[in-house]
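Two complexes come next, and they have one chain in common, subunit A, joined by subunit B in the first and subunit C in the second.
For the complex of A and B:
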């Protein structure tokens, strides 16, 4: 399998008032076509910053100091903001941790879905509405007609995450980046969303970069796992190998911690 | 409490607006026709609010005056909100140098005593209803700009704005479709108060003779005509004054009610 995305020597600094903090320090990461890569690591290890750097969604204080982000031979780090906006959502889409706060409170679900559908291709309203219903069916939302008219605050977290997933998949992206998408959900809903993600991945054939601190999730869904620690990728291996024979001391520590609480 | 006030305010403004719109139907006389029977007639069955110094029916003049005063209020505030929205949104969204430039410009505009600025400009351009609307609009947008900027500063850090960027929305789309609709609440409150303010300014200008020119009636210039007859004809002062007072109260009630409703 070829590489869909190649990150080389990525370095990201946060320029604060009185100091410079290096959040990501020389990260190399490959995402292959059609695979599930889990980026694991403790809080503050630079997972999210790495993911946001891919399409430069970083906060204002952050700065990509060096590195390249190649998407099928195109270096995203060198693209203008406008050309990057054309890639966001169309080729690389995101889902995030708190689905409810990632939806605009003043618009209905239907309204926001339509925006995601029509943003990259002009479509007439009829056609877009039909597609919105199909997308909601795709993420297994019952009663799509009612949900289209609902506001985000009227839906549960799990429902909102499904809606957000539908928005992310509206343009059939090649890479879906999921930044702890189930962390704010309870365990049963988490399991449902994970299963849905895996099903959709098989059906639509996108690659999935899944960020989590939860190693049991990593074990369940990943083809490969990359472990980040203090801004660096310290270990990268096939899922079975990493759990059988972790090489880096930090990986071993993480796995031991999970075994201790019996969740692996 | 908020919704009662809102309802009461809407009722007052609704009545005045209806009167203004239906002026030719509801006013008993033509506002500039003179009743030969007498000038300065006190309120009576024939002239419900009396007649003015030229023998014109005061009720009709106040109803027609509502048209002028209310439309000046609405259009002036429309202009000021439009300018304030653009400056405030750009300032808050882009930040940095653009923000500093716009905010310093706002500071400079706020330094001018607005009323004298308006007086000076009307003196140069000449008083007309159209000029007054524009001038009031051009000198009252700063509050809106600051308000919008503050709202957008906090809104743009919210997650759903990041989500919009993640699906590939452009900056202008984010500002217009996602930031402004979320920031519009406090602006509406401010605008309602602004309409009241604009009506007051218009009355003040007309009172000084720099506003709406006679014979067109506005609440301000009815008041000025009452000045010389204040001692003998109280009604010419009291009724247009009451109209101004009630309208402004109405707009204030709406603003307060809205503020409670939308926080």
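For the complex of A and C:
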């Protein structure tokens, strides 16, 4: 399998008032066509910043100091803001944790979904609406008509995450980046969302970069696992290998911690 | 939505009663007798004469009877007669109301038409020279006393430059002007009052809009909007703006009574025959009926403002319009 995305020597600084903090320090990461790569690590290890850096969605204080993000021969880190906007949502889409606050509270689900559908293709309203219903059916929402008219606060967290997933898949992206998409959900809903995600991945064939601190999720869904620690990738291996024979001391600690509470 | 409005309207009734009780008591507690205006300058008046005057106005009855009588009249919009010239209070108020309303509505429009875009611009340029310079200016405007600013502007525009009339609401020969000239004349007279009454509000609203916008731009859904590939303009003007404007909507309603209070000052300075000046004159002359009418009027306006704010908020914020499923 070829590489869809190649991150080389990525370094991201946060320029705060009185200090500079290096959140990501020389990360190399490959996402292959059609694979599930789990980016694991403790809180503050730089997973989310790495993910956001891919399409430069970072907050204003952050700055990509060096490195390249190659998507099929294009370096996203050096692309203009406009060309990058054309890639966001179309080739690389995101889903985030806490879908309820990542959806805009003052617009209906339909409004936000249609926006995603029409943005990258000039579809007319009729077509887009049909597409929206299909997308909601794709993520197994039973009453698409009703949900289209609902506002995010009227839906549960699990429903909102399904909507979010539909929105992310609207343009059939090559790469889906999921930043702890199930962290805010309870365990049953988490299982449903993960299952849905895997199912859709098989059906639509996108690559999945899944960020989590939860090693049991990593074990369940990953083809390969990268472990981040203090802004660096300390270990990268096939899922089986990493759980059987972890090489880095931090990976071993993480696994031991999970074994101790019997969650692995 | 409709039931919400009806519920809010019904809720006003007890509040209105409470307000009338309070304003009645407060005025009654104030020192000085209301009929004093009619006898204090007359050295020959006898004690019986005073008693008779008081009886005529019903001031000899117990307080709660006085209140009920007043309330009964009030329910028919009859606030009694003014002690200063004997004309019905309602008539005096209605004749003064349009000018004050016009100036206040104009300054509200002026405030929001300029303060909102200004605040947005500051938010988008957060921390730059423009933003800091604007902050300083706004604080100065906010802190500057209205009457002082008014006097300075009068000196500049009316005396030094001679561009605008210095006081009043219309020229002497206003009646004989064709309509377009009337409009022009009114505009020239109202320019400074509207400007002066807007400046403080403008400073406040623009700062408020700025902080709302900054907050909205840092919300998670902004990441989503960007991640979709939307242009920065759509991110700002569709996704952030609507959320940032929500709290502003309440300000419009709540600023109505404040503006009326401000009318007292600028109407006195610019010699504009409006409600504010009427109120001021009534207070200095202990014109009891007029004062009470004005207090009730301001209270009603405050409640109306609140109501408008609540309804408008429900209208723009779906989280209030529709409950959770």
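Of note:
By our rule, the second predicted complex is superposed on the first by the 264 of 264 C-alpha atoms of A that agree within 3 Å, B and C clash if a C-alpha of one lies under 4 Å from a C-alpha of the other, contacts with A are read in each partner's own complex, and residues count from 1 in each chain.
Going forward, a residue touches a chain if its C-beta (ideal position, glycine included) is under 8 Å from a C-beta of that chain, and two chains touch if they have at least 3 such contacts.
Being a predicted model, the structure only gives us computed values, none of them experimental.
Contact with neither subunit B nor subunit C is seen for A:136 once the two complexes are overlaid on the shared chain. Touch criterion not met for A:175: it reaches neither subunit B nor subunit C. In the superposition on chain A, A:155 makes contact with subunit C only, while subunit B stays out of contact range. In the superposed pair of complexes, A:167 makes contact with subunit B and with subunit C alike. In the superposition on chain A, A:29 contacts neither subunit B nor subunit C. By the touch criterion defined above, A:242 lies against neither subunit B nor subunit C after alignment on the C-alpha atoms of chain A. Look at A:87: by the touch rule set out above, it reaches both subunit B and subunit C.
In the superposition on chain A, the residues of subunit A contacting both subunit B and subunit C are 55, 57, 59, 85-90, 93-94, 96, 98, 101-107, 115-116, 119-120, 164, 167. Against subunit C, the residues of subunit A that register as touching in their complex are 52, 55, 57, 59, 81, 85-90, 93-94, 96, 98, 101-108, 115-116, 119-120, 150-151, 153-155, 164, 167.
Taken together, the subunit B residues at the contact with subunit A in this complex read 95, 157-160, 162-170, 177-178, 181-182.
Every residue of subunit C that touches subunit A in the complex is listed here, in rising order: 218-221, 223-232, 239, 242-243, 246, 316-319, 322, 324-325.
By the touch rule above, subunit A contacts subunit B in their complex via residues 55, 57, 59-60, 82, 85-90, 93-94, 96, 98, 101-107, 115-116, 119-120, 164, 167-168, 170.
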